[in-house]
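The structure's right below; bear with me while I get my questions together.
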């Protein structure tokens, strides 16, 4: 089971100049064979299918815990794509919503499903518009093989991230790839070390692959300076306690000590991306939904204003209202299991 | 982001008579168009792509929060399949591991990938062995449409669960479908109510679809008696506070009041399913991994015994050891973000 | 545009002993690369895309008209599969509908989607459970090539039909394949002749392929005796008048004259296949739908009894009622375009 | 079975400025998940698989009859795409046919299969060039579910049509989407009402979805003014007589009475789109085919001139010749079944 | 370019008891993600796409040369499957060919395409009947990554071969897997060493994976005894001369020296598998083809008897005739490039 | 089995102006339904699955031998694509390798996988970026049908080659299509003649299809002048001796005699395409691999310089060194099978 936190893993810039062609390319990091859906769902299935967990607990904990972080990476790729698509259609509602040829400038640009199927939103597809599929999951049950796969998967993922970095200059794409390169690197190291612990094979000598030093990527530097290239966070309040049995020793690129951090990163609130009424997201007339929402809140005894935390949110007042709503909500709880 | 809890949503029976043909059928609830991968990833993508979240907060919270519960349903389907496949190959290691024709009795039985590709583990495939794919995700960004889709998705899912219940009598499959029918029913109600709140359309009159009353399914009864057909749990420590603005009013089948529960269910520990060395899961000689694991733990200053909690675990002593390990692990934490 | 006639192309036997494994095999004739969806949709797309129709009218008419017949073949394959699946679950409603393990005997038998996804109904899939897809359509626009493709397609289709005949002995499958072999043969001849008319190449010498004489198949004989192996029917009240410019001369197997028949065959009413409440088709409690239907008819000024013609229908009284309903319905027609 | 009429559902403009990128986008309405192949084949399969038709006759008639209209929509989308692709390669035959780099300006433009695979013709693919496939069909056999699906399908289809309208300004695309929005709206209403009749749920309150009023689309207006948003046509000479038992009452947007029209619309002749010899459609030297065709007609005792009716056809003389040919053809009919 | 030799890589037993269910399982080694189509086409594409070949010649030679051997493995898997399917339909021609229900016993057994689509022949599909596809190819161009992939691919392939060995006891399957395990092991070693040479990483410590010692498999023993686990053959008359720069040093399991053999193995003639007229392979009446073939040979000045070498061939007389035919054929050669 | 020759079938020009959009189009000839992967693998599978080879030897030899030539065509398409992609990213290593936005100009251009997934290399995909798959293989086992398919396949392939010729003017694409049109024409003739020999049907009258005379394509002329449109080469040192029993008589377009050539063409060395470090092909720092390679050669007793033959190779000195290396290599050969 999971608990969900309404925050994203790292800061992304707010929407700026839209980049639909760039967003189409970034999809490779979402639904490509080596995209984040693949890392998330590979490790997740491997953890679900893990036999004799107690006997191999440090390895189970490692795979299950990295899976949890990968959810946040899928979320982050989506946030970057959504940011890059924001503003690609006119947003000054009153005058620009349909019936206008609002999508005409996007004919032949980027992934047509961003506009025709979705609401300028991320898709479970790769950079060619092909859907992610279950054949991208490898879960043999053989621990050494699964770990070998995972190491290869992270290597292919690093390749793709570097190339997306080279192709897409949009600030959201750069913030995304800079972060993912550093965190993906930690997972690559983790799987290499796990194989080393089981077999003695020194895969650390394969670092970095591709051979460009991570620190050369400008957007990686702040994360490296913060030490995030060394840390494996534990994404669970109480479980996966044996990570440090595997994840330890020196980092292959820098020689610094690897570190298990006993708490997951707090993350940051996401930007509340504006409506795009030309594609009916979330509606042809979004303001009507907002009115309904307010009424529903009031009727349910919640605060009149929305409670969620967003990067482009309002004053602390909002937050105190949110706290109050929370208190109210708690009182309503009639039963627990 | 998520936090992961190493527990499953409800109790499943321990492995008994294996049922590979049944496990192949249960795959429909995993990777079928209406399987749990679909419910989980549909709501997850919709929440990622949700525009103007503050303006439509109660609806955003609803979709994002149900997504979180669905992760646990994917996990539960996997656990049921793994339980049903346990013992399908000989497990008395010393004498039965390869080279023996250990898989000969499974030739032509069930999904061949359960044995040839995986390690007697769940697959991201449907009952025909076809992989789940991203075309099963609908995320138009139009709130009313997405909710209409979700209502339809839950209806199709209910159909599939009922039929799997009718086809597969293995106790793990029955425990699974009984639970999922009740919880899926809550989500069906939630989406119907959300549409009602937005448009006034009374979809509650479509309940139940298929028209068989849920309470007629014996394995649903305990969950109904506990009131789980009325409760929407909040799967987040601090977020998604506005569920009650949408999820309220009478249940369409029973007339009882719907309830938002402010905490996620605790869940139960999963069974640690035994090794299946005939398929090298987790190894041809799993005992060697256990030895390595123990040494690694000791070397890392953790407890000698494994710390994880499992249904078929050891004495309370184990638990106290686990607590100690946890304490130790915490001390090691050098930095937080 | 089309007009639809609620009749099927030839008589099929009523449901008898169900044959789910046979139904799974017959799916090859539905959704296989050479199945009837392929013949129907290939010719349909070719006719839609036909350029310079006036200049090549006899060939356009030929392709467009055969497409129309193929719709009826898709329908017939569906009817055969549905017949074969009827009774595979218990039909004595009161006692056997869910919650009973009504599908347990079908675990591991045939195509699981016949039961888990569908309501014991035909699927757009092949004998392996893989969906038909648009890659099976060839529409190059080059007339000679498209005709060459069509000839090859009919040849592959004949191969598949013969093998399904050999594999599946259920009377519905045999009636189906006997009919399709004869009608497919006519289309094969038509395309061969069309190529001959355009290029002079004598493809008639390729008959029959596979080389088994059609008349050796017992279920083909009645259709041959009726002369149906020689006739190309015109499936349009007013159009496709130039068929006879291409379809003429001797039949390659028998030497008899080919004939264009200026009217489509009348067809026969289909059997109204009974409800299968175990799979909720058309409902868990079908009798309630019947009640609603009757009320709706009465309220709309139609006859109390259903009007449609079915093979297992009621007395002439029904028919006269039907006529009356028709008269009533006509009066209601307020406008025509 | 069907009868085919060589006319299209509504007028499209003749070819003008070609728009290959627009044609690629319009493919979403052909082979997309919510395209016309999906509406046509979903309802068709549901009608084939319908059990207990007599018991649920009004609903069977509704689904089967709407399926018949949808064939004409697939045809219309094809005609629009073909119109938009006409002229994209040089058509002045003598000088421009291969070997010339006639396709060079199309490199990297639109869907490459429009030129490399097809003859500037419609494809069974979506806007991304992915083939339509059978997974897009839902035919559960459960009547309420199938209708719920159909309502959702029409909703998704409306979304896609509106967005294609916004993206593609080519007059053929606009004529197409204007017409389809109105007719699709009728089907959406029909399924909503059918669900209401069976369950009491008032889905009419979901209209319109997306929430943009249909009358705001200029190309919809003429169809609305003619009343086509209220009419369900009966696409059969004798069958599907019980439509009015379901399709009645007020229209959800306008409050006007819904109407069953007892005859299908007459339609209009399609434009005979010119040859595109650069892609060999229908030939490298199409004039040779025309010569052959004429000879074949004469030899078969038909008129010297082609008989088919096309929008860009010749004088009334042509028509009288057509009538004569028809008479001739009829005389040849030697047998009926 | 290639030259083709009409021999297979190792001896397979002649057809015996057919095993259609086993043949369906062996398909995993053909068209599965880790099947021989994957190894062959991965290395082939990597060699095609290899940049700066001269600069990385030993590695180019290694990949290109192993690709060549893999063709023979694809061929061998096909031969094994064909052997296992031989006799599954009656072969006593006169009495058993269609129209007989010759395929009835195969309904629901194995892969239906073995019978309905193919002529009891191998398919480009996996054990679930899903086609091999290009997504199984990895060709990043980054040498270290491609080699890491290849090592992982061979590891997954070893897993699948071992499990097929355990599942299928048919002598052809056992002969196949025994041989492939030994030869695949050589390739696994070759890629590990190549990575070691480039990076220093000691992947040899990962051997064997899965951890079952190869020598435990009885059918591997003869190949190991012959030394085939140590040899990399050069599959080219003149090229790929630098294999020994990479492939050298001790074998990770036995410590013996690895060896480059400067000539490809001679192979052995394949069995000429008998006709299966029930599926029209190669014809309904194969004897007629034989007559035609003889006439064509005589007319072309070749020997009256067939010239090819097969395992179940005729006396040396045949061979001398073959030599004569060869001489004749050579004389006809009028030109060389 | 095969032997591999490190040469390509015909000369291609060296890299010049890159053409990524053109390369994306040429992919149709690689991984399209009618691309060279299809011709190669269709004939290969048909030869593997050929039953009663001795009885139908001339036909077996024909199919198996053409398969061997097709490998070289796949290779040639790859070489052309790779040539066209060379230089699309900056190659002046020192200054242009990452981290630079080296791929920014390629955003939205051509097939994104050429850059994001591959290393500016050919893909097993079509012009839409969809992977080749096994459904493109037809191997019914029925000889007449398989040959009919092959004739149709070559016809479709000719269509695609002509259109790629018209679309892509890059010299490598033109050299490629000119060659393939001539060689594909030979195969088309061969299959037509084979069908004629078996059935008497005169498919020669279908030539050419599409009807544009081959000699009109400028890049075809040199091959025609050399007589390559008449020759079937025997791609085997000793086997496939009965080609001339089928491949004989007059060419359908020119009337000249068809000829079997008893040896395969020598081919020409390929260009050694330069590194593209922006995509890490073969490395971020390719010069380091070259150093390692040299050391490995020396250590293994091979020449210091690379031995392979490439079109842009060095002086004869290189060649003599190559010969020496060969001698050395041979001496090392310790064992043969």
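Note that the chains take the letters A, B, C, D, E and F in the order they are written out, and that residue 1 is the start of every chain.
Going forward, a contact is a pair of C-beta atoms (placed from the backbone, for glycine too) under 8 Å apart; a residue touches a chain by one contact, two chains touch by 3 or more.
Please read these numbers as outputs of a predicted model, since none were measured by experiment.
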item	value
Chain D and chain B - chains in contact with each	A, C
Maximum centroid distance from chain B, chain identifier (CA atoms)	F
Which of A-B and A-E has more C-beta contact pairs	A-B
Whole-Å separation of chain centres (CA-atom averages), chain B against chain C	42
Inter-centroid spacing, chain F versus chain E (mean Cα positions, whole Å)	21
Between chain A and chain C, centroid-to-centroid distance (C-alpha), Å	49
Multi-chain contact sites of chain D, meaning residues that touch two or more partners	33, 117, 128-130, 135, 140, 142, 144-145, 159, 210-211, 279-280, 283
Every chain pair meeting the contact rule	A-B, A-D, A-E, A-F, B-C, B-D, B-E, C-D, C-E, C-F, D-F, E-F
Touching residues on chain D, where the partner in the complex is chain C	1-9, 31, 41, 44-45, 48-61, 64-65, 67-68, 71-72, 74-75, 78-79, 82, 117-125, 131-135, 137, 139-145, 197-198, 226-228, 231, 233-246, 248, 259-267, 272-276, 279-283, 286-287, 289-290, 292-293, 296-297, 299-302, 306-310, 313, 322, 325-326, 329-330, 332-337
In the complex, chain D residues that touch chain A	21-22, 24-25, 28, 32-33, 109-110, 127-130, 159-160, 162-169, 210-212, 216-218
Chain C partner contacts - residues on chain E that touch it in the complex	97-104, 106-108, 111-113, 115-117, 128-130, 278-280, 283-285
Partner chain F, residues of chain C touching it in the complex	33, 135, 138, 140, 142, 144-145, 148-149, 151-152, 155-156, 159, 195, 199-206, 209-211
